[in-house]
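What follows is a short report on a single structure.
Letters A, B, C, D, E and F name the chains as they come in the text, with residue numbers starting at 1 for each one.
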């Protein structure tokens, strides 16, 4: 990873970030140069970017469009049945090759001048490439020395893991399995190993830098405080048994808890935390009805895969999320809400009811859609000032016990600074 | 004021502004660097920024949110009954502490992780600051050396004057009374000395740089020309007795006139000015009915307090205005329309009827909401060119007599250049 | 043209464009510095900018507002009956002088302070320029040395050609006739020589850089491919007799074809081109009914006049278009749809029906409104990469025969690089 | 709301028509007709919902006689300076909430799309009308029309009544 | 307007239903039904209000037969290239302004919210319909439908009829 | 659609009133009344049109009992953290598409303008309601209300029901 460990002198100069991961300059959430560099060093750096799930493209020729960072890509299954990811841009004059969000094509034809590519992105033909007419009357056409092989669509490296599709621009990044590491793979297998059924998708568009949302997902500290619903019904309280796992190198993380193990914790005395309301009962408790789905007893697991993918288990609610940067001050969160082929009708019903806790309208997670925007507004001025990320210390050692810590956030910035060279 | 008199070399270079105050480069209304520097040198410079009125926060714990420049602030009355102004940002990760525009709180709690501050902005407690659990099983929490006293909310200096609340980031600015000067204080006392009753508030959002609106309010020259309604009904004509007052140092100004004293003025011959329509009579003249409210006979007084506050008397219509910058090309004008506790029902009725002259829908002042946008569009190109501000000469000497002058605008730019160091 | 041939070192550095015209860096469509420089070097450079048609301002005092690049201008007929083009900006403080899009005035009065200009833009009077009052009591007014003659509205050079009005900021550009050249003048005369009747106008607002639309109009290659409607009904196929004409210096171009002369062309075999649908017939063919309007037999002629004007003949549908830049990533296309005074009712009816092929809702040309936006999105990232413009070779020699070539696009960029000095 | 229970169908229809016609009148720029939709001794007021809830007595516009309505239009036509633009009213859910002594209280939601002369469109205002309608010479007229805007912000200016 | 005075209630209701159904048909992408809402010898035209006032004969769309309506949909389905999107019609204030020889003249305000496939929404068009409605075999149909847009601007393109 | 052919005029009127009143209730922030518009054993669901067409079983909101509706409002009032804002519903083209065993199927287009406390307005959602209405004790109520949004995107969050 020599290339990315290269220090980024100009940016370093602009951001002047003191050493360590316990302070984050506000500027990092708004600066356009920082944003542009992220596209190169993170999303096109030594990362495996989540771009979709296999069962959206079951048949040969099926495709969906998505983004790697803010680069438009096509995710498809080629005629050999292999998953391919191509930059959605025609080599001719740069037109989007796939206009629709999804479809099925045996080849890719650009509508502008009908340049045709196969599903691996190789340029196959050019309309009137040989000109019009024959022999003497022949006119136009491409130069004889035009090299079709050098004018294909940009194709990314692809690997899949239990139905999740990952792509990378990097030639040097380690294989996906190694990139994820044992614990991350285990958690994905635990949740998706039974296969997946897509129960729903939606998008949440947020008025904040994408990193503010990623910090939020790495932030086990806020979970039971901001989301009163969660604390009140003991879906997730910091006093439950649980912890933070970090992959080697700290790229990825898992924050997990086990509901049955709630320790008595005076901090949850409602007089002290606004997060707990007394005498707050549901008219229809079926909303939070759940079943013990995993032997390990884990009832909550939020996993992030660097840079912008989230794997979610909240009780029996399973989802994948992708946080797409849309300029320095906006981002879009794509959701895939999942079930498994083994679900009984009762279990499926429970997953559907629990879906009321997640997404842009989820009684638990709707708050995550708005805090980022508030921070964006609160820090707009004083760009040179910094946040304080010191809960649980200033280091990045995983926390075997307890989640009243921001260690996973510090770890996120450690990786960020390494990759960005600042 | 040594610090701000420092020349701003880079900006000076970019703007290359010829000496004097009789020309203003168009660039000053659009350049983002100019805008950013204003936030530091004006709004956080040696200025007292108007941020609201006391009778919006009568009780202990009452608060409203507002802005100093474009920095969000909380204006509140603390438990000792003192007015406080705090930057609306949590020391932890930068979240807005007060979300609602107004409310009442005995302490300030950030919703994200429940950091709690008292109403002076001192950090009182941190949720799970001591971690979770006890003794051996204790996990998380803040570092032992974390200094609460260094992690409060930013608190501004505050002074009030006849119900108007002013705040400053500056440690060096003179006291408010001195900042305003005698004539400015007298006018405020004349209008607000009887106390204030808040009759209404609204906002006017304008597609132009905030300074174009401030020039407009310092521009006694346009008043009776652009606003035909005003000229026609002799509410304000340049031929009336009146003048321009400037505070020592030219920061603030008052443009005033006395209606009873209209001189015969051929310029108002309608053949020459489009501002005067003949035979234009009101079906219901009660709109412009007024009473002699002040012994001095003043019927119009527009006062500006640097940088962006306006105190208004138009006949019997009293109002305070605050012009908030919203990026280089937009601004928002907040209005507080006032009466006094002494108003008789008839007088109150007159103020209500006269309110049809002001605000975004005011038959007189609605035009002020649009000329700025026209100038923004008219000067978008040719950024290096300049306006001509030479009516009434090129200097900044107050005009004891007459208001056919742009002296108050020149004075505004004199102060601007000093503070901005360009 | 010495001045513009000056190399633009900074920009050249930023864009690093390899020599030649067969590659165009994506950056050219988004960079704000490139955009700003275009305003100076193209739109204010040695160009005659189309700004409207004479029969929109038949009477003395008639005016319409428009833009040269993104500079607002007033196009009017003065009291001598001459066409004038003035920058729509008051010399005083930069306000737009004409607010309405069209009207009739015997002089121009700025609403802000009533500075008055004649229809040549000369400053005639200043309200209260001599102050208020007389003799001793006189106050205000402009300085005695204020020079009216130096404070007029900026007036452009104007020439007209068969009803088309052109204006330029340049003092050195050759006369319009010379600028256009023989072939360009001939085509305009062929289409507009009979005089014009304005049948309709509309605007198409596009989410792309203005140059992407200009390339589209110089792109004879896409016409019959993207626009399937056109190919299917043989309104325009590359296999028809036709060619590309370029003016000396390659500024302007004409792409023309003659429908009766369709060569058999295997490329149009529908199995190979998505642009041809078999068995696709119109329920009401009157939409494409036409008459042989010109002896030369020309059935399609798309002419561009540098930098952003288009003269259109599609069958019997005549139109003028102006592509206005609206910031780096947006543009607005203004349409003037025309007939002639000689039209019979039947011919007029045919023009009306054919109008369904053009404009933002035209079954043929609606696609031109969207491809630009797709390219903008497709090339947003990878700004340093380039398009391939090699159809028909890499040179800029006109193509006497055939239009399967991008020569006119290459020629457009040749002129662009010369003028921009990059 | 069952204020409508005892309201004759045709009365309801005519009140709904009054409210629809009013919107067309403004959108068609037939503003000189505006005062005719009110009785002589009428009341027209525009204020944002937050200020209305607080009981503020001053809002964006206050007309307490038909004459003041006429003056507003006169000023718009003769005195005020602004950029040409037009409105498009969208009305929704007109409901008669009560009737007393021949005075019908009516609520209607509205939204206005403003189009400037160069073609840009925006959502200019949204809110509801609170009306008092009476029948004068058999014709329904507004005795009082309150325009309660959801937003306290006005973009640029407001000169055409809502 | 009291053009409605002598119009039977059910006639009015059925005309209002026609106009509502037309909007649902387009918003539901049942465009093949579009021509069925018109009589054979029909007229459909889209033009901005400014051009309409000036009497320009050419606007955004001009269809002078049911066949041309069919061809528009055929082109949309088979030939035209564009990004998937849908409309949401908002109708307001349908008023019958007159009746002559069985031809009802009707005005209705409309606004269209356009939603692109990736989810961005915008106010795409606002204006009014000027309709001529006749009853054919007992069914109300459009003999003529003029779409008068408030804005002269079209964003990107217009392929789905309004 | 002639599902309305055999529907009594007053039934239609009362269903239209139900739908209008529902919108006023939400826009007026009388959310505690929300559950009262439904029968006990009811169904409320919000999902985008694309997902609905694909038959996805999970959308933005899913309430399968009146109790869950109450809990939504309780959470909104007591637990959820968000910035104060309000809606303005615009309804258009309410049509009864059928009736079976006293269950009326109804479609209505809607658009919501959201206004934030500082005054910025935006088109928050557009789409249509697909309703099943029954009469309970003579009162029309929703047995089922599907909100089919045109966009799959929600800006920031959605906590107030549509």
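Rule of thumb we're sticking to: a contact is a pair of C-beta atoms (placed from the backbone, for glycine too) under 8 Å apart; a residue touches a chain by one contact, two chains touch by 3 or more.
The shown structure was predicted, so the numbers you read here are calculated from the model rather than taken from an experiment.
Touch-path distance (fewest steps) from chain B to chain E is 2. Touching chain D and chain F together: B, E. For the pair chain C and chain D, the distance between mean C-alpha positions equals 43 Å. If each chain is reduced to the centroid of its CA atoms, chain C and chain E end up 32 Å from each other. Residues of chain E in contact with two or more other chains: 81, 83, 90, 92, 111, 117-119, 123, 152-153. Contact with two or more other chains is made by residues 99, 111, 203, 205, 226, 367, 374 of chain A. The touch graph of these protein chains has some other shape, matching none of line, ring, star or complete.
Touching chain pairs in this entry, ordered by label, are A-B, A-C, A-E, A-F, B-C, B-D, B-F, C-D, C-E, D-E, D-F, E-F. Considering their complex, residues 1, 4, 49-50, 90, 92-95, 107, 109, 111, 123, 126-128, 150-153 of chain E touch chain D. Those residues of chain F whose C-beta lies close enough to touch chain A in the complex are 46-48, 51, 56-68, 70-72, 74-75, 78-83, 152-159. Listed in rising order, the residues of chain A touching chain B in the complex are 26, 215, 221-222, 225-226, 238-239, 263, 265, 267, 272-275, 367, 371, 374-375, 377-382, 387-394, 399, 401-405. Chain E contributes residues 17, 19-21, 23-24, 27, 86, 88-92, 111, 113, 115, 117-123 to its touches with chain F in the complex. The touching residues of chain A, when paired with chain E in their complex, are 99-101, 111, 203, 205.
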